[in-house]
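Below are structures written as structure tokens.
The following pair of complexes shares a single chain, chain A, combined with chain B in the former and chain C in the latter.
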Partner chain A sequence: MFGLDKKDTSLLLIVAALVALAPIILNPFPEGSALAQFNAGYPDLMQRFVIFGIFAIGFNILFGLTGYLSFGHAAFLGAGSYAGMWMMKLLTINVIPAIIFSTIIAGVISLAIGWISLRRSGIYFSILTLAFAQMAFALAASVLTPITGGETGLQTNLNDPRVLPSFLGGGASADGNIPKPSLFGIEMSASFELPVGSWVWTFNWGYYICAVMMLLAFYLAIRVFRSPFGLMLKAVKSNQQRMNYTGLNTRPYMLACFVISGMYAGLAGGLMAAMDPQVGAERMQWTASGEVVLMTILGGVGTLIGPVLGAGLIKYFENIFSKINDNLLHQWFSFLPDGLENFMVTIIHPFIGKGWHLTLGLMFMGIVIFLPGGLVEGGQRIKAMFKGKKAEKATKTTPAE
Partner chain B sequence: MDQIILQILNGLDKGSAYALIALGLTLIFGTLGVVNFAHGALFMLGAFCTVTLSRILTLSHEVIDESRKDFLGNPLKVDVPYIYDWFGESTGAAIIDWAVPLSILFAIPVMIGIGVLMERGLVKHFYNRPHADQILVTFGLAIVLQEIIKYYFGANQIPAPAPEAFVGSFDFGAAVGFDAGAIIYPYWRIVYFCFAMVLIGAVFAFLQFTTFGMVVRAGMADRETVGLLGINIDRRFTIMFGIAAAVAGLAGVMYTPINSPNYHMGMDFLVISFVVVVVGGMGSLPGAVLAGFVLGILESFASMRQVIELLPGINQVVIYLAAIVILLTRPRGLLGRKGVMED
Partner chain C sequence: MGILDVKDVGKRFGGLQALGDVNLSVAENSVHAIIGPNGAGKSTLLNCLVGKLIPDTGSVMFDGQSVLGRSPHEINQMGISRVFQTPEIFGELSVLENMMIPIFAKRDGAFRMHATANMMKERDIVENAEKVLVDMNMADKRGMNAASMSRGDKRRLEIGMCLAQEPRLLLLDEPTAGMARADTNNTIDLLKQIKDERDITIAIIEHDMHVVFSLAERITVLAQGTPLVEDTPDNIKGHPKVREAYLGEAA
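The block that comes next holds the complex of A and B.
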């Protein structure tokens, strides 16, 4: 189906089903129960899951296929956000032009940066992309203030021009408030709440727009991975020198890959601006570039589903871990005797709330040390373990001669 | 002219910090072939050695001073550092005042210990892994170290003043024949620069004139052959990692009066230090030092008012711009050798 083989089709369909049912799946605990804070099925967080999923898929196309570690992808994300924002300010509050324009702008910028950076490889490439991203960040925060809003950032205003006619989302909103990003009149923040028993499922319009984009992005990524083009990129990863010796010029392939990857980041940035219409320069900082690297590594470099898993997991932990506080811990450990309870809380305290970065760092180190293939490799190992046991049983049952 | 001299002087202290961190990075890279993203964190740990020592020195106990009254008329409680009890008040005060320079003695063993621990405990297992893995694991370590420091010392800047003797500025202009007040330079920055030069000189002398250094240099050139000669090169490289950590730590210790330490200062310096290393040429020690000073001075020139008026924002990006130009025109960096990180 869709030009994919059977395995990939089923993968795509599984992902599509999971994404479509996410509001239900991510809310496994009934409302008001003690475990309800582990629920992730609220719109804001789900939107971030899929948006960062897109970002990580794009990063993985570059890093996973070619092995070029870019430390500057946040620049494209930020550029996409700014571009999308400007579309919403100047043209229409409708998100479609914003998303398209942000992807294009990010593509143009990545073309320029890639053209220069790809002259070098290895750590030099990392440093070059990092330098460009840091430059973009510094400029966005200072000199480019008329375009980027500087330190305060950019947001939609009441008196933005929005030149398109009102049925296309231009002009001011009817009620005189700042118009909210919408798709042909349906606001991104509009949701439909479905109470079932003690559960409440929230189906959010913006989330589903992002989800559709994510599925498209995912499908495209599968196509890239399976195409001759993707094969070429994999060959670059395994031995670029040999590729050059065979008379192939790898530069155009690399550049195309870099631009595709940058456009993914731009798309994610545009969606981010569409979901939450304010953009700040900190989105371009190198820590943001580091974050997407973490997501990809955590999920599994060079795998299809890995980056999405990694993005989801990191965003989930960021949200949930940073919400847990000492009171909650005391509640959880209240079944223990007092001394032990306090002891447990003291032990866990540095890892939660504001300290969740510590957890992230440790988790990350653990993954790189013990599981370089990320979660996907972990899953495969577990699978292999079960299969191995079965195989062992099978060999045992065969009578020894 | 006085403007030019002033900017060169301004560039020297930042350049010294860049040079010291880049020197440590290059030492680690040249010996072990490991790209250490946690090096900025080591710089930060050094700075917090100072904070720790000054806290230890000012550990105090309460003494009731009968001769003075607080606002309620009760006898005043005064915190007296233990060190006053041991050395007398004037010596004690002097020791506290000189906490930053004293931290050098404290930081050297601590930082060497941390460095050796880091190499044996973590980095050792990454020699045969791709550079990307090394970058990532040390990046993770940097986050962890940073968060631990944040947990114990808080997120705010902690001031660590220079000794009383070095507070104030030196009128450099008057000394070399310009108008008085044209070139004013804080004493501590002169100290920092001299300290950096001594430290850099010491590292080079250590590598050049001792047997240990000779073996290390031989190992940098051809590790396998040195190993085949029956020399335990791994142990020496571990020690070099410790020394590199100490260099970064000392750079941090002495930097505290210039810039009050906070938990993310390492990350701020790390990115630039990497640019410095790459500009200087991967694996070239003189290159790292040279590039550190060149970029430091370049940065201070770019922050001159006249230059900013001409090219707004140039002070923020000049280092990266220089890095891009140098990498594209001289792919191996200023003093890079052939065959290092070519693939």
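The block that comes next holds the complex of A and C.
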């Protein structure tokens, strides 16, 4: 289906089903229960899951296929966000022009940065991209203040022009408030809540728009991975020496790959702006570039689904673990004698709340050391274990027959 | 005039004259061997032919066109494929994919994107790759990871990858270096078969005299960066200058 083989089609369908049912799947604990705070099925976080999923899928097209490690992808994310914001300020509050323009702008910028950075490979390439991203960050925070809003960032305002006619989302909102990003009148923040028993499922418009974009992005990534173009990129990663003597001019291929990857980041940035119309320069900072590297490695470099899983895992930790505080820990360990309770809380304290990075770091180390192929390799090993057991059983039962 | 004409080529690295006035002509559809002791400049000469190095002086003409100043991929597109001393293949990819890459590269080398086409649905390319695999006697290994094969099979695959591009000139850089005797003999047989079945010119740089004398129709002996003699294998065998170059004056 869709020009994919059976295996890829089923992967795409499974991902589509998971994404569509995410508001239900991510809310496994009943409302009001002690575990309810581990629920991730609220719009804000789900939007982040899929948006960072897009970002990581795009990053993986570059890193996974060619092995070129870019440390500057946050620049494209940020550029996409700014571009999207300007569309929503100048043209219309409708998110479509914002998303399109953010992708295009990120493509143009990645063309320029890639053109220069791809003259080098390996660590030098990484450093060049990092340098460009830090320059972009510094510019956005200072010199480019008229465009980026500097340190205060960029928001939608009441007196923004929004020149398109009002039925296309132009002008001000009817009630005199700052209009919220919308799609032909449907606000991104609009949700439909469905209480079932003691659960509450929230179906949010913004999430589903992001989800559709992610599925499109994911589908396109599968196509790229299975195309002759993708094969060439894998060949560059595997043996650049052989590739040079095989009649392929690797540079335009690498550049095309870099631009595609940058456009994915721009799309993610545009969606971020569309979901939450405020952008600050910190979105371009190198830590944001590093985060997408972590996502991709955690999930599994060069795999199709890995980056999405990695993005989900990191965003889950960031939002859920960081919310656990000492009071909560005291509640959990209240069944212990006082001294022991305090001791446990002291031990766990550095790993939660603001210390969630420590947990993430340990997890990252564990995965890189024991599962170099990331979560996807973990899944494959579990699958192989079950298959192995089955095979063992089969061989054991045969002699008896 | 041959298919490959090297005229007065010189190359200097600092104080070392690696090549000095090399003249060489490889006739079309022949097997031409270039031999010489260590440091004779064989590899430097080969690197000048494929675009890795640019000689300081002289000219290199392939089929009437100069190769100098062109990059390796352009020279490959002209019809020169090279085999490396240690097999250079795409280790992480399957044998079939390895075979498809050079065919795609020949078609799309200058940049045609095909970013959403399905590579396995490009029937002519897949069929072509599978045909070469059959020719190379490795059809049973098509799904294997290329890195997991034996040295001899890697060499076989690499030669196949070059042939898949239907080059006019195949350059081999010590194709049997570091190989066991059985693998060496297999490679000799393979090259003989290629020579008999295809319209192809083969230039081979080799240390192993057994390989050279089983294959070559002409031999150029290189010593200290200049060609000593060029002749048929029979005449080279007994040539006093060759013995001197290889074994020193005492011999």
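Everything below uses one rule, namely that the second predicted complex is superposed on the first by the 393 of 401 C-alpha atoms of A that agree within 3 Å, B and C clash if a C-alpha of one lies under 4 Å from a C-alpha of the other, contacts with A are read in each partner's own complex, and residues count from 1 in each chain.
Rule of thumb we're sticking to: a contact is a pair of C-beta atoms (placed from the backbone, for glycine too) under 8 Å apart; a residue touches a chain by one contact, two chains touch by 3 or more.
What you see is a predicted model, and the numbers here were worked out from it, not measured in a lab.
In the three-chain model built by superposing on chain A, chain B fits alongside chain C with no clash.
In the superposition on chain A, contact of A:226 is made with chain C only, not with chain B.
Once chain A of one complex is fitted onto chain A of the other, the partner contacts of A:234 are limited to chain C, with no touch recorded for chain B.
When both complexes are overlaid on chain A, the residue A:127 reaches chain B alone and has no touch with chain C. Once the two complexes are laid over each other on the shared chain, residue contacts for A:252 go to chain C alone; chain B is not touched. With both structures placed on the common chain, the touch criterion links A:3 to chain C but leaves chain B unconnected. When the shared chain is aligned, no partner comes close enough to touch A:198: not chain B, not chain C.
Contacts of A:152 after superposition on the shared chain: neither chain B nor chain C is touched. Comparing chain B with chain C, more residues of chain A are touched by B. Within the superposed three-chain model, A:244 lies in touch with chain C and out of touch with chain B [touch as defined at top]. Rounded to the nearest 10, the superposed model shows the Cα centres of chain B and chain C diverging by 80 degrees about the centre of chain A.
Between chain B and chain C, the minimal CA-CA distance in the chain A superposition rounds to 14 Å. Chain A uses residues 241 to touch chain B in one structure and chain C in the other. By the touch criterion stated above, chain B contacts chain A in their complex at residues 35, 122, 125, 129-133, 135-137, 139-144, 146-148, 150-151, 267, 271, 274-275, 278, 282, 312-313, 316-317, 319-321, 323-324, 327-328, 331, 341, 343.
Of all the residues in chain A, the ones that touch chain B in their complex are 67, 69, 116, 119-124, 126-128, 130-132, 134-135, 138-139, 141-144, 240-241, 286-287, 290, 293, 297, 350, 355, 357-358, 360-362, 364-365, 368-369, 372. By the touch rule above, chain C contacts chain A in their complex via residues 50, 71-74, 76-77, 81-82, 84, 88-93, 97, 100-102, 104-106, 108-111, 113-120, 122, 125, 161, 165.
Per the touch definition, chain A reaches chain C in the complex via residues 3-5, 220, 223-224, 226-232, 234-235, 237-239, 241-250, 252-253, 256, 260.
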